[in-house]
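Heads up, there are several structures right after this.
Below, chain A partners chain B and then partners chain C, in two separate complexes.
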Partner chain A sequence: MADATVPLTKSGFDPAALATRAAIIVAVGVLATAPFWASRADLRMLMEALSFLALAQMWNLLAGYTGLISVGQQAYVGLGGYLFFALAMFAGIPVLWAIPLAAGVAALIAVPVGWLAFRLQGAYFAIGTWVIAEVFRLLAAQFPALGGGSGISLPVALAKSIAQTRGGRETVMYYVAFGIALLSVAGVWLLLRSRWGLALTAIRDSEPAAASLGVDVRRVKFMVYIATAAGTALTGAFIFLQKLRITPEAAFSVTEWSAFVIFIVVIGGLGTIEGPILGVILFFALRDLAADWGTWYLIGLGTIAIAVMLIDRRGIWGALRARGVPEIFATRRVLK
Partner chain B sequence: MPFLTLDHVSKSYGALKVTDDVSLSLDATETLGILGPNGAGKSTLFNLIGGTQRPDAGRILLEGVDVTAQGAAARCHAGIGRSFQIPHPFVGMSVYENLLVGSAFGQSGTDGAARCREILEETGLLAKANLPAGKLTLLERKRLELARALATHPRLLLLDEIAGGLTEAECQSLIQTIQRIRDRGVAIIWIEHVVHALMAVAQRLVVIDRGRIVADGAPGQVMDLPVVQEIYLGIDADDQAA
Partner chain C sequence: MDILNLLIQGTLLGGLYALFAAGLALMFGVMRFINIAHGDFIVVSAYLLLVAVLTLGLHPLVGIALVTGLMAGAGYLGQRVLLNRVLDEDILPPVLVTFGLSIILQNALMEGFSADSQRVPAGGFDTASLSLGSEIAIGLLPLSMFLAAIGVLGVLHWIFFHTHLGRLLRATADDAAIVPLMGASNAHTFALATGIASAVVAIAGTMLAMKTNFDPTIGPSRLLFAFEAVIIGGLGNIWGVLAGGIILGVAQAIGAQIDAGFQILAGHIAFLVVLALRPRGLFAKS
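The block that comes next holds the complex of A and B.
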């Protein structure tokens, strides 16, 4: 073993890499055992935080790597929620299976929707996605079987099919949320470490250069759009299982599913995996702190977001990285 | 059959014709130098050949196949590798990863570690392989443009002003690098203001002015043409005659 003061790379002993690995294991372990130590209220808050983490990872993958700024991802949150209710209530699909199935169907619907949205560029794309989400909201109100404009509750029998006791249900639901969040973080990480990660990072840094090196920019962007639609719908399906009730307003809320999610990603750090994680923690801490502020809370959030963009647009994680904090989710390929 | 053919290609920005009815063909192992004053439309020509921009009129053929409608990625797959005049490094990646993009998605599509190492060595970037590309100096960024284009395994290499700002020694080593690439049978089109560098490598010279080809031929002959001396060296043909 070489002198411990000499930092070795790869095969050698690397304290920073070991520490981050330990931190990941501890964090995952703490979250994985939450039903055993958290109160019912805490567990519910954690489920919500994990849902927002998954939504933020998806929005970040889309905006942070492909530069597609969508303010209409609530289209897929709501679509996932409504498809989940429809599949569970009318197609007789077991509740827990209806969640991934809703995501699959949403991905299929995202193909023609994406084709339409991709006709638009830049700011027009952003506005277009919002308009599409509004169309989805209006359409959702047109199905009387799904409660029309006033919404619908999940029948008690279906909720009980998950587990008989309330405690048992909450434990199962918690693990669904935990699984979805884990999938979103690990999925993005694995994607970035793959060949496609090279393409995505290249597109993030320079589109013309990526294209000239053989990256089919448009195709990669479209694939990412479909993948994030699926992930967003998966999360949306879970969110409305947890809420046990869905209305068009709640399902397609631009404030909840776009503004808050964008806030999380922007303050945490766009175009990084760590950023959305930091952002979620900060968002929930702020929300707790400002629970009684009413409207001022939203004004406060907006102010913080603008301040972060003015001070350091790379977000908190970007600023930390620039000050030498090592990355947690390493994607770097090293030439040995 | 020529490797690349431009058939009456034109491109305008509003009223300004930056490429004006250009016809040009290049053999599969030819080395062509392009000269011309700033704003003559040289880089636009590369954007048209590389597929970054589409022409308003005319056709672009690769080995006889019309690729006018194809984008940059498809042109890369067809064997065109290019450098940008203003370097576009992927700043969030290491130098090595910049090359990996080219080797993973370019014409070869193979695992690149060994080949990337060769290219980094050839272009003098091996010592910087694992550094973030954002940390490179301007000259290193220009070398990265060349290295990255080579990583795609091109059959035609488009080089856009990569010799500017080099010392004489650096320029000599760059010339040697490009000669080696040429001798491996890669076709090259090189836009450059450093005339002696072009003369050392190119078998043929084209001079462009205001979007038009004004001279095309063997380097020595082209440089002696009055029209070239007038445009490029600022010598008025009448003065010279007088």
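The block that comes next holds the complex of A and C.
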């Protein structure tokens, strides 16, 4: 094990680590300057990709490190979106403040919801979370103030409160998306390098062993569930700010916010930070290529996901790692 | 008697939900495996009956028998060729493979049959009813669905407790690692379980096809109803799914009475209440 990892002891000059660090800085720099070089359509596509990256990192943190497979994270995408609309429209919270506030409220709601969902284990947990998302969707349609079943648009005045010009709004919104995506990647990375990360990795590798070493498995899993709910709702709030319109069907779509996100993570590589990044790039490249395929595109995506499970369930990044490609976001601890 | 009528209609609807649930419970019991595409297989069976009756011109009963045989065979093969390869301690691969199958099936049905709502005519049988007194009428189709559910559960009970295959399935459910040591093949046992479950799915789907309108997207909600009936009834109890199905059906009937938008929501809430109070279900066997 001589690759780039978190050294337990200080090590000297490492060219591989230096190169990956330079690559990260270049990639972040290119994305940070996108409003200055990207066309309007590209910028919109990048915002969407960054949103999916954040959702994928959240699902990956939940499934890849705690083994909690949820098919119901659309509950928090939709909740974030609806809370954002409610806070901005009825509570008079400034638009950009309403986004993090929606995430905070969603995290509070996730506490009793998580308590209920945690009464189910394994595959039952997966379907139970889906039922909860459906309950959220049906409840959202019961609020006439939020447009009921037909949904509601964000008033023009609120959209204009971000910036007066369309270009200005798009630049501000891009940086919100960029910030959320950066927060999701850096947040997961820092979390995994902390004491919590050690507990998470232990749980991922063996729950009984982690418990025997004093890790409170249930508590750690619950905290991660709440954290990913908040991150997912934060992203959901932004997604519906960008769309400027929310309906129960769009907000709680299982295909959009669960199937696509899960396929991104699993095809890219579950349980790694690089996997979801690779998955998002592939997903958007494929979507561009298959824009006119309609239902065949979804059939193809489902087939690829099944193929990954049959051929190499570690996903593309996992398969590359096994062939000696060094990790970019070092989270493992290795004695040197 | 509005209340009595609600209870009767809800109970009869519960028979259909018990049929949805039986296949799911059987596969989970034997293999600890949840098929996310369960509802989509129900919808596929409905479309197969549509083809048998409308395209091939068969009698609905002949169609049901044909679809049941076809699904049982497909279930056996699908388990052996695909699902057995991803079954192990890790729950992600089977969840993901069946999630992928669900997306594939929905979109393939969309491609083949369009998004239009369909229904299989049952030759007047679907609208006939028995009237009990002046206010209560029992539809012949819902009644025969309920009786079919009891019949199917009775057959499953008989297979489980009175046949060699049943002993094998129960042993595999208890400890799948030990059974091969006694000379049985898990691959074959699992495939037989899926074959039987798929036959039940076919009966459920063909009933659905005659009872209501269906389209390619309704599978996932059927999965959720099946799942809720299983959890409400309690794990490991064949007759529990009937009780679970009835409770779900009655809750939905009461919800629909309050407001049309509450029907499905009321069923979900009944499930969540049971989950909060009795997470192992009402009639779980320890």
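The definition used in the following text is that the second predicted complex is superposed on the first by the 321 of 336 C-alpha atoms of A that agree within 3 Å, B and C clash if a C-alpha of one lies under 4 Å from a C-alpha of the other, contacts with A are read in each partner's own complex, and residues count from 1 in each chain.
As a convention for this text, a residue touches a chain if its C-beta (ideal position, glycine included) is under 8 Å from a C-beta of that chain, and two chains touch if they have at least 3 such contacts.
Owing to the predicted nature of the structure, the values given are computational and were not obtained by experimental measurement.
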Which superposed partner A:Met173 touches (first chain B, second chain C, both, neither): neither
Chain B versus chain C as contact partner of A:Leu301, first or second or both or neither: second
Partner chain in contact with A:Ala86 - chain B first, chain C second, else both or neither: neither
In the superposition, chain B vs chain C on chain A residues touched: C
First (chain B), second (chain C), both or neither touched by A:Val254: second
Touched partner set for A:Ala181, first chain B, second chain C, both or neither: neither
Which superposed partner A:Ile277 touches (first chain B, second chain C, both, neither): neither
Contact residues common to both interfaces of chain A (with chain B and with chain C): none
Contacting residues of chain A [partner chain B, same complex]: 195, 198-199, 201-202, 204-206, 208-218, 271, 332-335
Contacting residues of chain C [partner chain A, same complex]: 28, 32-34, 36, 82, 85-86, 90-97, 99-104, 106-108, 110-111, 220-221, 223-224, 227-228, 231, 261, 264-265, 268-269, 271-272, 275-276, 279
Residue ranges of chain A touching chain C (in the complex, touch as defined): 63, 67, 69, 71, 116, 119-120, 122-124, 126-128, 130-132, 134-135, 138-139, 141-142, 149, 254-255, 259, 262-263, 266, 270, 295-296, 298-299, 301-303, 305-306, 309-310, 313
Complex contact set, residues of chain B against chain A: 50-52, 71-77, 81-82, 84, 88-94, 96-97, 100-102, 104-107, 109, 113, 116-117, 120, 129-130, 148-149, 151-152
